[in-house]
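As structure tokens, here come the structures.
First subunit A sits with subunit B, and in the next complex the same chain sits with subunit C.
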Partner chain A sequence: MRTKSVTDRMLDVFVYGLLLLLAVACLFPFLNVLSKSLSANWAVLSGKVGLWPVGFTLENVYYVVTDGIFLNALKISVFVTVVGTLGSVLFTGISAYPLSKKHLPGIKPVLVLYVFTMLFNGGMIPSYLLIKQLGLMNNLASLILPGLINVFNMLLIKNYFESLPESLEESAKLDGASNLTIVLRIIIPISMPVFATVSLFYAVAFWSDWFHPMLYLNDPSLKPLQLYLRDIVLEADTSNQNLNLNIDRLMNLSPEGIRNATVIVSTIPILLVYPFLQRYFIRGILVGSVKG
Partner chain B sequence: MQVAKRWTVVLLLLVLAAATALAGCSGSGSNQKAGGASEGAAEGGSTQSGDEGGGSKPTLKILQTYAKHNYDTPVTDFLEQATGYKVQYDMLPQDNAQDKLNLIMSSGADYDLVKAGKQDYFRFALNGALTDLTPLIDKYGPNIKAAISQKSFDAVKVDGKIYAIPDLNTSYVGGGVMVRTDWLDKLGMKMPTTTDEFTAMLRAFKEKDPAGNGSQNIPFTISGATPLVDGLLGAFGLYNGWNPEDGKLVNRALDPGLKDYLTYMKSLYDEGLLDKEFATNKEETADQKFTSGRAGTEFVPWYKIPSLDEALKKNVPDAKYAYIPLMAGPNGEQGYGVGQGFDWYMIVPATAKHPEDAIKYINATLEPDTFKEMYIGKEGVDYKVENGEYLPIQPAFFDDRGYSSDYTMGRDEEHFQDYWQARLRKSDAMFEAFKQINDIDDNFKHPDVLGFSTFLPKLAQDSQKLDNMVIDYSVKAIVSGVTDSGLKDFQNQWLQAGGEAATKEVNDWYAQQQ
Partner chain C sequence: MNPNPHPNPGRAATAAADTPVRARRWRRLSIVRRNYDLYLLLIPGLAFLLLFKYAPIYGLVIAFQDFNIFKGIGGSEWVGMQQFHRLFTSHDFGTVMRNTLLISLYKIVLLFPLPILIAVLLNEVARMWFKRAVQTIIYLPHFLSWVVVAGLFVNILSPSTGIVNHIIQFFGGHPVSFLMDNHFFRSVIVATAGWKEVGWNAIVFIAAIAGLDPELYEAARLDGANRIQQMFKITLPGIASTIMLMLILRIGGVLEAGTEQILLLYNPTVYESGDVLGTYIYRVGLGSMEYSYSTAVGLFESAVGFALVLSGNFVSRRITGKSIW
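Here is the complex of A and B:
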């Protein structure tokens, strides 16, 4: 057994210390925002709030959490994320499976077409016109359908399918299983790691998307959480000469505390979910790389 | 067994998704009342007002600018009841609003009314994207013609035709130099009235340290974004961005007063009277310094006063403050620039479904009593009148009508500024401060001539960039000094960056107004 020399241990201390410092430094801004959301407005304004709340109050958080607009935005986000993820995983899986069967004709050209879309994009205006003419404006489907199949994720799944031993399927066929049975009872259960990973990627993409809602949704009651958050945080951004700020608006600005509280409350869902899914992220990124 | 269990889970999730779908899926009209401000129930009693087929009054679709209340306030209910029109409000985003507006207008908007800014309005009008409102106003808009002045209409005409209903701005002095009057009292000094007296006051703040701040003491603080301080600018004749001199409009960048102003500020900086850190101060930083009691003077726009007042009083309970109303410069110049012009332009796209009803709707809102009630509510419930002044009844006023300004589409131009005073009284401190710099003699208020200008494309395109150049140069000059050659270099850069084209355009227009 190798014991560590003194220099090794010193290096350990140094590295750990540095990493700890970095981690703490990342934590500070978050703690600051958290403290501000739990502080009285006057304290936030006079810069008295550091890592700990001053003039502790729950009224900002309470206001945000009971605000109908916030709750509606949360509901919309959850809906889009859940439905979008399920739909995306389903269709991405369906697309990937045949492409992993090397004996089928025409696979190469189809793959080329898929990859082509990864490289070239129509841009904002053609996309907007397309959605408009499909009659999907002001419809949540416009957030889900265009991005339903992400080619990168599909290739990930395809690679995984290809790495499964052929003998599995062959033996199932010998036992008289139909194609559908093979997929449902053998392939899918075995592919759970890659499906979990891809679900996670999709879920994060759907949850954080604010650009497409901004573009396609005009109805205020359809605003998802990220867009809502963005609007609130930018509300007082006088530096970019926001055309919206006339004097009456300025007199009505949300106090600092409420804006910070909105940030915190909007982050909580993802904060709660992420620790449980973290290992899938890490595992998932390696999924396509190492061939056992 | 395992597979069955997995499938059950998936099935349950799908059912959950479907349930959420049914509960809150897409589309117009399914809005639920947001919490908070929706107690217009009493007024909203009659919410039907035929919008289905029938031919009575169609539902109007209006594209509004972003507002955090989603246009779900008692004002919406009141307007529906008063005009008989049901309105569906869509909103532009907070950010990238202009891009989104362009997208919507260029792909055949079916909105009946759209709220647009000046640049966008003129561009749409010149490109034929708008309905000509002149005949409609003549036919259906007697209230509109009574409420909006000819001057306002003239300012929005394109080729002699009116394509928008203009929404007039309130006109006021926005902010000035705020000073701790308890510091002045402690030192036995009076409010300064000239820049020399201002300097003397700051010197006294520095040397005598009335609040006992020690090394934390800051006589005068500003933020790096506002090196051009209203009130002090007036002492050098730089009231607005563009000022008339000898029959021409001159931008601050080229104004001879700029050098004097910057030299003066530099002298304050060198003596340690101006916050050494000002260039890196964000607005919040400067506010913090003032509210924590460290700074004796700060430039403050009065809309911030309610929150600043609260913070300052908590940190320094005996603090007193007031605006320095006027300071005369070496040439005796003093005063403030005052903005004017239009907040917004209400337009009817050429592809609107109900253009005539749009005008009828606006006409109904501009009926004098309707406008008044929309703007400030009911007398005795939301406001009261004392000595000819309008006072809000709290909290009803702000619950019911706090957001009325977001809804205005043209204003009763003669009266609305009086009604608006009720809004100002949201906070007594704010109202007091407002009066301190707005009750000055009219001679010292210099209206922004460009406020009512027609469309000036080159100016519109470059003005933000040019203004930022002036600000950046000013910060540098205050920190490191103004030299004639340095100033000349800056001015040349400014001219080349579009300043020359803008100046010519502005003055061509100005010459026509003489």
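Here is the complex of A and C:
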């Protein structure tokens, strides 16, 4: 091993130092609120909580996960995310495959139709009026249908398909396989990295969506998690009514503690799946974005 | 130009005897017929585009009407450019445009270069475990919803219990109501957007760097270039076209300053510094139900964005020969 020059050593210190700082900055707000959600009320109010819980308690978290409104919101969000993601991956994959066959006549104009919508769109009000006209207000379909195909995700899959060696399909065709057999038996199994990537993107988009439920739903029983969160976490003036605390539990609980715990609990599903899918999406994006 | 990779010898021979134009048409038709199932697969996507993408684009015509939701597009009165006239002469327009442009420009100037820097720095990391750990951590905030991010920052910026104000007070300062103060609000918007997306946005550049030929670095090393020189002479020029394309797309979104984010973080006290086109459309369109006027504002936003992408792309093609399509 060669000895490193002084400039290389200094560069290393700079590189590692800066990246470490960045990672800490990304974790800091999260760890701080996590610690607060696990701390006793007095410790939070006196400002003693930094990156480690003080006066450890699970009361706040327990309150959140046993709260009926929270559980209902969670149920709605899980439903929208699961149905939306499955539907989206199916529709996006179906649409991407023919578009990856550029040599077919008429494919390029269709691609232009897709790409144009990335650059120009009708915007908030016409989309709102459309949902209203379709009678989808206060219907969970209003959260799923308009997001069924994300053009960016479709291009990722299309580019991935294009990057597959043509010889694969050629030889199957010589064996007399139909297009459908080729897709089901060859294309889908070897495209798992990009499907995993796109599934994660869709799942996160459906899970995290606050804007569309806010626009399209006003029935309280349909509120997904993000709307519930927004009510609890950001509507400071109404939070005490929303929380509806019993006097005897107020000893350990506080609106502040419950707010923190709600934020933390609602991120857990993402934190659980993220590490498993992460190794896929770097590969998926690498291949999918080669051609832009 | 031969669009057919699987020519059918029998048909091609009879067709070749015909005129070339008819032969080509015949061949295209036979490709279409042989791949009819692939064309069928296009239908669901096209139906989706028509209903959820192009119908709202058609809906933009209400910007030129005095739209009445009970009369519909067919029955509402056409008023020409009246809505746009109202927008450009309104008192709000100046404030909203200023806020939109300031927030967007801060975001571009401060936050666009950071992902490039991160990608270049990560490329210098030799220890794989460190590289992977940093990537895992810095992508994470992207996967949190804006509601959660807003919740986190409302918490840590709280004047009474937030850790940021505890630190300020520790050093003898006075607590600041960051989200209620017009001096700080825009900075909070830029900082929270940075926290959420800077790490994630690096991924495109990381992918671009990964696509560079390792032999370039090898050759540079043999010529005695140190790592800093390699950074500036190989890595950065190598991803220049990616940077250019991302910048064009970013500039095309200059009038979208972060509607969802700002709707979650702002309140009437900071409308003066935080109300942007998107939040204004929301307030006027859905708060006061002025559908035509707010659609006009939206059309203005979309049209400017579209024009910016087109001209950015034109300039890029002239200068670097690269374009997004």
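Throughout what follows, the second predicted complex is superposed on the first by the 244 of 292 C-alpha atoms of A that agree within 3 Å, B and C clash if a C-alpha of one lies under 4 Å from a C-alpha of the other, contacts with A are read in each partner's own complex, and residues count from 1 in each chain.
We adopt the following convention: a residue touches a chain if its C-beta (ideal position, glycine included) is under 8 Å from a C-beta of that chain, and two chains touch if they have at least 3 such contacts.
Note that the structure is a prediction, hence the values are computed from the model and not measured.
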Worksheet item: Of the two partner chains, subunit B (first) and subunit C (second), which one does A:P220 touch, if any: first, second, both, or neither?
Response: first
Worksheet item: subunit A residues in contact: does subunit B have more, or subunit C?
Response: C
Item to complete: Give one of first, second, both or neither to describe whether A:Y128 is in contact with subunit B, with subunit C, with both, or with none.
Response: both
Worksheet item: Of the partners subunit B and subunit C, which touch A:T117 in the superposed model: first, second, both, neither?
Response: second
Worksheet item: Looking at the overlay, does A:D67 come into contact with subunit B only (first), subunit C only (second), both, or neither?
Response: first
Discussion item. If we overlay the two complexes on their shared chain A, which of subunit B and subunit C does A:S266 touch? Say first, second, both or neither.
Written reply: second
Discussion item. Which partner chains sit in contact with A:R230 here, subunit B, subunit C, both or neither? Use first/second/both/neither.
Written reply: both
Item to complete: Kindly classify A:N41 by the partners it touches after superposition: subunit B alone (first), subunit C alone (second), both, or neither?
Response: first
Item to complete: Please work out whether A:P275 is in contact with subunit B alone, subunit C alone, both, or neither, and reply first, second, both or neither.
Response: second
Fill in: Residues of subunit A that lie at the interface with subunit B and also at the interface with subunit C
45, 47, 124-125, 128-129, 132, 214-215, 230, 234, 256
Discussion item. Residue numbers of subunit A touching subunit C in their complex, please.
Written reply: 5, 7-8, 11-12, 15-16, 18-20, 22-23, 25-27, 29-30, 32-33, 36, 44-45, 47, 49-50, 91, 94-95, 97-99, 101, 103-106, 110, 113-115, 117, 119-130, 132, 145-146, 148-149, 154, 173, 178-180, 204, 207-211, 214-215, 226, 229-230, 233-234, 256, 259-260, 262-263, 266-267, 270, 274-275, 278, 282, 285-286, 289-290, 292
Worksheet item: Quick one: in the complex, what on subunit A touches subunit B?
Response: 40-43, 45-48, 66-69, 71-72, 75-76, 78-79, 82-83, 86, 124-125, 128-129, 132, 138-141, 184-185, 189, 214-215, 218-223, 227, 230-232, 234-235, 238-239, 241-244, 246-252, 254-256
Worksheet entry | Residues of subunit B defined as touching subunit A within the complex | 2-3, 6, 10, 13-14, 16-17, 20-21, 23-28, 30-36, 63, 65-72, 89-98, 100, 103-104, 107, 117, 169-170, 172, 174, 225, 283-285, 287-289, 291-292, 301, 303, 307-308, 310-315, 343, 402-403, 405-406, 423-424, 426, 430, 464
Fill in: Residues of subunit C that touch subunit A when the two form their complex
3-6, 28, 31-32, 35, 37-39, 41-42, 44-46, 48-49, 51-60, 62, 69, 118, 121-122, 124-125, 130, 133-141, 143-148, 150-156, 161, 163, 166, 195, 199, 203-204, 206-207, 210-211, 226-228, 245, 252, 259-260, 263-264, 278, 281-282, 285-286, 291, 294-295, 298-299, 301-303, 305-306, 309, 324-325
